[in-house]
Amino acid sequence: MPIETAPGLEAGVLLASILFCLGLAGLMMRRNVIFMLMSVEICTNAAALMFVVAGAHWGNADGQVMFIFVVTLAAAEVAIALALVLQFYHRKHTVDIDQLNELRG
Amino acid sequence: MQGLLAWVPLLPLIGFLTLVAFPLFNRHEPSQRTVACIGVGSIGIAALFTAIVAISVFWKNPSEIVNIALWQWMLVDNLELGFNFYIDWLTLVMLMVITGVGFLIHLYSVGYMREDADFRRYFAYLNLFVCAMLILVMADNLVLLYLGWEGVGLCSYLLIGFWYKEPANGAAAQKAFIVTRIGDTAMAIGLFLLFYEFSTLNIPQLTAAIDGPDINNEVVTVACLLLLGGAVGKSAQLPLQTWLPDAMAGPTPVSALIHAATMVTAGVYLIARMHPLYLLSETAMTTVAFVGALTLLLAGFSAIAQSDIKRVLAYSTISQIGYMFLALGVGAWSGAIFHLITHAFFKALLFLSAGSVILSLHHEQNIFSMGGLYRKIPLTFICFTIGCACLAALPFTSGFYSKDHILLSAWEFHQGINILWLAGILGALVTGIYSFRVLFLVFLGREGSASSHCNDANTPVMTIPLCILALLAMIGGLLAPPLQAVFGSRPDEDHSAWIEGVAIAMPLIGLAIAWKLFIYQKKSGEKRSSIMQFWFSGWGFDWLYEHLLVKPFKSLAKINHNDIIDNLYKGTAALSRQLNALLSSSQNGQVRWYLATFAVGSVLFLALLVAL
Amino acid sequence: MSAQELLAILPLLIISAGIVILLLQVSFWRGHRGALATTILTLLLAIISCFWVTGNLLGDVSSIQVTALLLVDHTSLFFCLLLFLTAVAISIMGFNYLRLRCDPRGVSASYPEEFYILLLLAMLGASTLIFANHFATFFLGLELISLALYPMLGFAVTGEISPKSEQLQSLESAIKYLILSALSTALGLFGIALIYSASGSLDFNAIASRMTELSQSSTLFATGITLLLISVAFKLSLVPFHIWTPDVYQGAPTPTTALIATVGKGAVIGFLLRFFNTLDLFGSEVLIDMLAIAAIASMLVGNLLALMQANIKRLLAYSSISHIGYLIVAFLIGKSTFGTEAVIYYLVAYIVTTLGGFAVVGLVADANEENMLSGKHPQEFLIDAKNPYHREFYRGLLWRSPWLASCFAAMLLSLAGIPLTIGFIGKFYVFTAGVEGQMWILLGGVVVGSALGLFYYLRLLLIMVQRNETAETNSNGTLVIATSGQFLIATLTGALLLFGIFPQILINWINAL
Amino acid sequence: MTLLAIIIILFAGGLLAWLAERYFQAGGRWISLISLLFTTVLLTNYSSFITSTEAITDNTWWDSLKIPWIPRFGIDFYLAIDGLSFLMLSLTIAMGIFGLIMTWNDIQFRRGFFYFNYLWTLAGVAGVFTAIDLFLFFFFWEVMLIPMLFLIAVWGYERRIYAAIKFFIFTQASSLLMLIAIVGLAYIHYINSGQLTFNYNILLEAQVPSDIAYWLMLGFFIAFIVKLPALPFHTWLPDAHTQAPTAGSILLAAILLKTGAYGLLRFNLPLFPESSILFAPVAMTIGALSVIYGAMLAFAQNDMKRLVAYSSVSHMGFVLLGLYALDTIAIQGAVMQMIAHGLSTAALFALVGALQHRLHTRDMQQLGGVWSKLPKLSAVALFFAVASLGLPGLGNFVAEFTVLVGSFRSNHWLTALAAIGLIGAALYALIMMQRVFFGKLNKRLEKPIQESNTADLNVRETGALLVVAALLVLIGLHPQPIFNISDKTVQMSVNKIESALSFQKFPPKISPLQVHSSRVEPTSIEDNTP
């Protein structure tokens, strides 16, 4: 049952978008893979936040459920990512993403 | 009886085929004797048949017409062409000239070409030529005529370039073919126009259709002019006359047969054949007349300046055909044909005797290195003299009668002194000059460089034709064919005597001048006066065409040698290769750059969302 | 959740069961062949179950709603079927790939079995995505695929004996894909969130019903859809989100490449069809135009990029970009069943051909690898003619191993859309769709694209038929491909020709489902 | 049934030839020869129709075969033959045999595969000439390209890859336009009649709004003139011809080019009469320009093969001119030109091939004075050169003359322009004779002639060439049978045109608007799923 759009929603959208943009910026600026992963997390969480806001706005639980999903996903993703980064470090002895440009053309 | 006529063109064809097919059946070359038998024999029989038919069928009534339908050639929509022959007296005359003179020249060739390795090829070509020429004159529709027309063109090409090892000959041959082809194309377009207008190309039907009430005169004029284009090309008249002098590169008998007696007169035949059409168009007639007049003068003057015996004859041929055109132009159809016949006789005679001179001098053709040959080769001398006399139209030679006829008609044409007549008269004078000039330079006067090692190369096979031709040239004046049925007879009113007088006087004056100028001229053609030089080069037409047409075309072709249009596609290919390079550089393997593009892409999409 | 519903999602259940079994099996008794057997068995069972479920969907019940999350209908089942078959092919490829690169008895033992587990996981994700009728399931499926893909992309790393450079490239591709796809996921999530906040629901049907009252032009909603579309476009590697494709394709182990190129895209297309149909988004000009632009861009850019490409895996990557572009043309003509049919047919053509292409490339590389391991040739990737992924390696292949070359030629011709192959019929469908929708610009794009495409396909083709003047190309010797591989290629070629010459068969199947 | 048999024999023969290579080297060509002869025998089934063309006035097709293929789109495997198809088919087979015999010993590398491609090309072309279902037509249209591609790319000369790809991209890209046009036509017909079909006979009655028809017509037209080829799409031809092996060039020149002309006559004119009338002046201009331009380029070439190739551009220009004169005589002439050009040019290519085989060059700067060494070859070459410059009494003349006579009736100036091409033809033909055969023997040639005791034409070659020559003479002197055979087809197109002309007085009923309105009920091609 939609409550007619409270000011909360716009604010939430705004906040989330800012958050997302921050993440994106970090992603593009950082060269250290670890930090890049963090930035991705920020982006993801921005989305998650959006869900929560929306859920609150509509007053139903789906938002929260999605939030759980997102968090889980993030965890899994990071786990794999770290494994890969580890391998990367093994072989190149660096975590600088720009070293990772053998494939091109 | 009439069926024999179908064999007349067929026999040379058979001769040609057998000669060509020889190597298919046995590997070593046949003996000259066999070749000669086939080559000459086929023409001989053809001539015989013609004679038989002429005597049995045509002799009695001059209005006899024979139609021979062989088979349906094309029948599409309303285009109906038969492979049919149509023989009236005009055709018959041509037949007799072609087969008769042709036979003599064939015979002569046996002697002339005896040393040549390609004996068989020579006679094959010659037979093919006769066949084509016969079809040309016998055709009952213009397309069939065109077939013969092109056929003779091809043969002339092959025979001019007969000694193919010499590049110059090849060039001359090409020139001949292409220049005539230009005329032929005009003629072809003329045919299209005629068909478009009258929806038939059958000559009798055309002549019938012309009598119809509503005739678009412009169309007829244009058609006539286009046909004239073809005629001008074949008959080496202005402006397409340049090929004939070069065509002398071929063996001399060839020059005699093709470039004097028969092929070059095809144009005259064509116009005579289509005369009902021309009668409808004043413009066309006058054009023909003036082309003739102009040509005969130009060629005549050029002939005076030549140093090569054959080129002199070539120019004289052009100028004589000019006379014929003049005659056609003034409507003296039968006169034109009559001159055609006599010209065939004496010009063939001249060429053949020239040939024996050349042969006797081991292929020396420069008249300035000849002289005083009358002792060495008397027979040739006599024949040549007769020829010259006829050419110059001295009284009581065949040439005199025909040319006189032409001059008179030119006079009648405007009832009095007029340009055409004057041109003819002047031409007669010039003719006298150049013909006797060459006679004197070659046979009289003091000996030239080449004259010393001259030994008579005449063999019976060569002398017999010479004598016969000489005889014909003498008495040819009496053989005026009965062509009234074809052209309709015109009342010939009597003329004041002085006109005749002028006509008779002119050649004699020419003779005198020639004697004055050339009999003791020192034997060196080196330094000519500029005017002579100009005439020598045939009034600079070659130069003109070279710079006006040939050079531009060649350079254009060279510029576009590899197809400008292709660059369009090459360009496209290059462009896409560039784009490929550009885009590939975007794939630089940098993750952060990739992220950036991703971001930009997203922004773009959102922008689209706003924009759209 | 009734029994009928449970039965409806039988394929999912079977796959999941298969995963569990495989896990247990691996943990107790490692064995490459065993793992393969189980995988294929599972997949076959799933396939059969698909048919069975289809059998149940008769007459009035054209589709079964399983809770709010899943919806089983004919189209989705067909997609499942298709993808499972693909998976079988991929597992065979994987077997040949890993056979040479992992040896459990090595110093640091490297085990191939996990590959199959991941494969099954990906399939589970894919089928979930296809059945998804709710953003939660959509998200779940999509992520399941991605999460399974990351390790598969990097799988060469475990193969100790595989060449070092190969390992590095594989790793690189994995990391690149991970970061980029994580971002796109986040974006997609954000989009979903916006949609949710606009419509207040995550269920497609609910959203559809809501859309009627909430105005179409609601900014939030539109933005949300756009963002979602972007992340989907990323998965489909539509321009301008294509840029990861070549690197990832090139670096990854060839079976994985095949997987990501076929299943990864196929599932997403399946989802897209349902999503657009349920929400009836074909109505909205904006989205259509967006997709159209992306499609044209993909055709042109993809082909242009491929034009001079010498590395065959990259080449196929680029060509796949352009092919998705063509597919979108068919997709755009909307909810008419003909549109769906066209999309499906083109997808089948695309999958068969792409699989074939990658199969050949992979197996050729494997054969070459085998020669190297058996010490026939010193291994050196510097000379192009020795690099099994380079164009030059294929010079004169037709004279060395005719059958293989012929099959590959067939694949290339199919990619180029020449008759006698399935690719041609696919293209014909696209053209028909384009004409029906009167999308002349798009058609122009297709024509130009195809013309460009011809160039590189033909060049590859003609290189194979070149008489090999140079001796050293001979030294690659005849390539002996493993029997299973031969079987696979033969089957794919067979299908390619069969459906190319008698398309009606396939059409009937599509319409029957 | 015969038609199917012909096509199948060719396909099967190809496969056999390929497999036979394994077991005995010479197998391929014998198998090809046998299968070709066999098809010839099959063709004689239709002799009855040739003799009596009036006998079967009711139906245009002599024989047809219809098997449902893709019911989903109403596509049938529909072959049929009429006079035109028969002529083209005979030409195809004849030239196939000719090429085979002329290049009997040329191919050393992978003979089996060569003859496989050779026969498959022929099969494809045979399909093109007999397919009456538009989809099927397109199908064969593409199928014939692939083997040709291989012929050029594998057995070609120096720049074969470039030539092959160029050839393929040109034809393929243009044919995609045709595919769009085909689908468009079928779709519009479907919209109007509710019946989805690609059947030519039915689509002839399709009511297409004139503006759309114009575009569709262009789609077909471009595909066909690329193949013809005409300005400005001709540039693939010189490369393809020059680089292809002799047999390939023969096929290209004699047969593949004809498919374009055939398509124009069979599809463009009858399917889109109104738009053809509108478009005719443009097309005729293109034709006339091609005549001139091709001749000029031919004249400029140094490579003998390129010269002949460009001469084909010039000759096919006449075909285009004739077809779009929309006049019975002209169209008949165009048909005649297809055949005559096929014969003469094929022979010329064969001769160039023979020359290159003996002297290892086709560059005219390297050649010269060949006549003295190879009189037979040169004589034959002379014959065909003369034929291609359109000497009366040979096939080409009949063709060109009829074309010009006919087209003069519809457009004076363009025809006059094209007639100038006759001069051009003389130029290049003679220049070729002069540079290659006449003149002194080129110094460069003495060595090759010494070391490889160069033999003149042998019995096999002479025989083949003489047969072709005889055919040309026959056509030149007695073309009537051919006119009669093709008459019915030509009449059909012309009638279409004329009815359209009369129709133009009262503008067509269907307006685009109406189409859109009628687009409502069957929005898409769904209702006729089997």
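We just call them A, B, C and D in the order they show up, numbering each chain from 1.
Methods note: a residue touches a chain if its C-beta (ideal position, glycine included) is under 8 Å from a C-beta of that chain, and two chains touch if they have at least 3 such contacts.
Molecules present, by chain and UniProt name: A = NADH-quinone oxidoreductase subunit K; D = NADH-quinone oxidoreductase subunit M.
What you see is a predicted model, and the numbers here were worked out from it, not measured in a lab.
Peer 1: What's the chain with its C-alpha centre farthest out from chain C?
Peer 2: Taking each chain's C-alpha mean as its centre, the farthest from chain C is B.
Peer 1: Using CA atoms only, can you tell me which chain is the most central one in this structure?
Peer 2: Taking the mean of all protein C-alpha atoms as reference, the closest chain is D.
Peer 1: Quick check: more C-beta contact pairs at A-C or at A-B?
Peer 2: Counting C-beta pairs in contact, A-C comes out ahead.
Peer 1: Taking each chain's centre as its mean C-alpha position, how far apart are chain A and chain C in Å?
Peer 2: Computed from C-alpha means, the inter-chain centre distance equals 26 Å.
Peer 1: Using mean CA coordinates as chain centres, what's the gap between chain A and chain B in Å?
Peer 2: 96
Peer 1: List the centre-to-centre spacing of chain A and chain D in whole Å, with centres computed as mean CA coordinates.
Peer 2: 64
Peer 1: Using the average of all C-alpha atoms in each chain as its centre, how far is it in Å between chain C and chain D?
Peer 2: Roughly 42 Å, centre to centre.
Peer 1: For chain B, give me the residues that contact two or more of the other chains.
Peer 2: Residues 584, 587, 589, 591, 595 of chain B each touch two or more of the other chains.
Peer 1: Could you check chain C for residues that touch two or more other chains and list them?
Peer 2: Residues 175-176, 179, 183, 187, 246-247 of chain C touch two or more partner chains.
Peer 1: Of all residues in chain D, which are in touch with two or more distinct other chains?
Peer 2: If we look for residues of chain D contacting two or more partner chains, we find none.
Peer 1: What's the complete list of touching chain pairs for this entry?
Peer 2: A-B, A-C, B-C, B-D, C-D
Peer 1: Which residues of chain A touch chain B in their complex?
Peer 2: Within the complex, chain A touches chain B at residues 24, 27-29, 31, 97-98, 100-105.
Peer 1: Looking at the complex, which residues from chain C come into contact with chain D?
Peer 2: 333, 336-339, 399, 413, 418-420, 424, 428, 431-432, 434-436, 443, 446-447, 450-451, 454-455, 458-459, 462, 465-467, 502-504, 507-508, 511
Peer 1: In their complex, what parts of chain B are in touch with chain A?
Peer 2: Per the stated touch rule, the residues are 584, 587-592, 595-596, 599.
Peer 1: Under the stated contact criterion, what part of chain B meets chain C in this complex?
Peer 2: 576-577, 579-581, 583-584, 586-587, 589, 591, 594-595, 597-598, 600-602, 604-606, 608-609, 612
Peer 1: Can you tell me which positions in chain D touch chain B when the two form their complex?
Peer 2: Residues in contact with chain B: 166, 231-232, 234-235, 238, 296-297, 299-301, 327-329, 332-333, 369, 371-372, 376, 379, 386, 391-393, 397-398, 401-402, 404-406, 408-409, 412, 415-416, 419-420, 422-423, 426-427, 430-431, 434, 437-440, 462, 477-480, 483.
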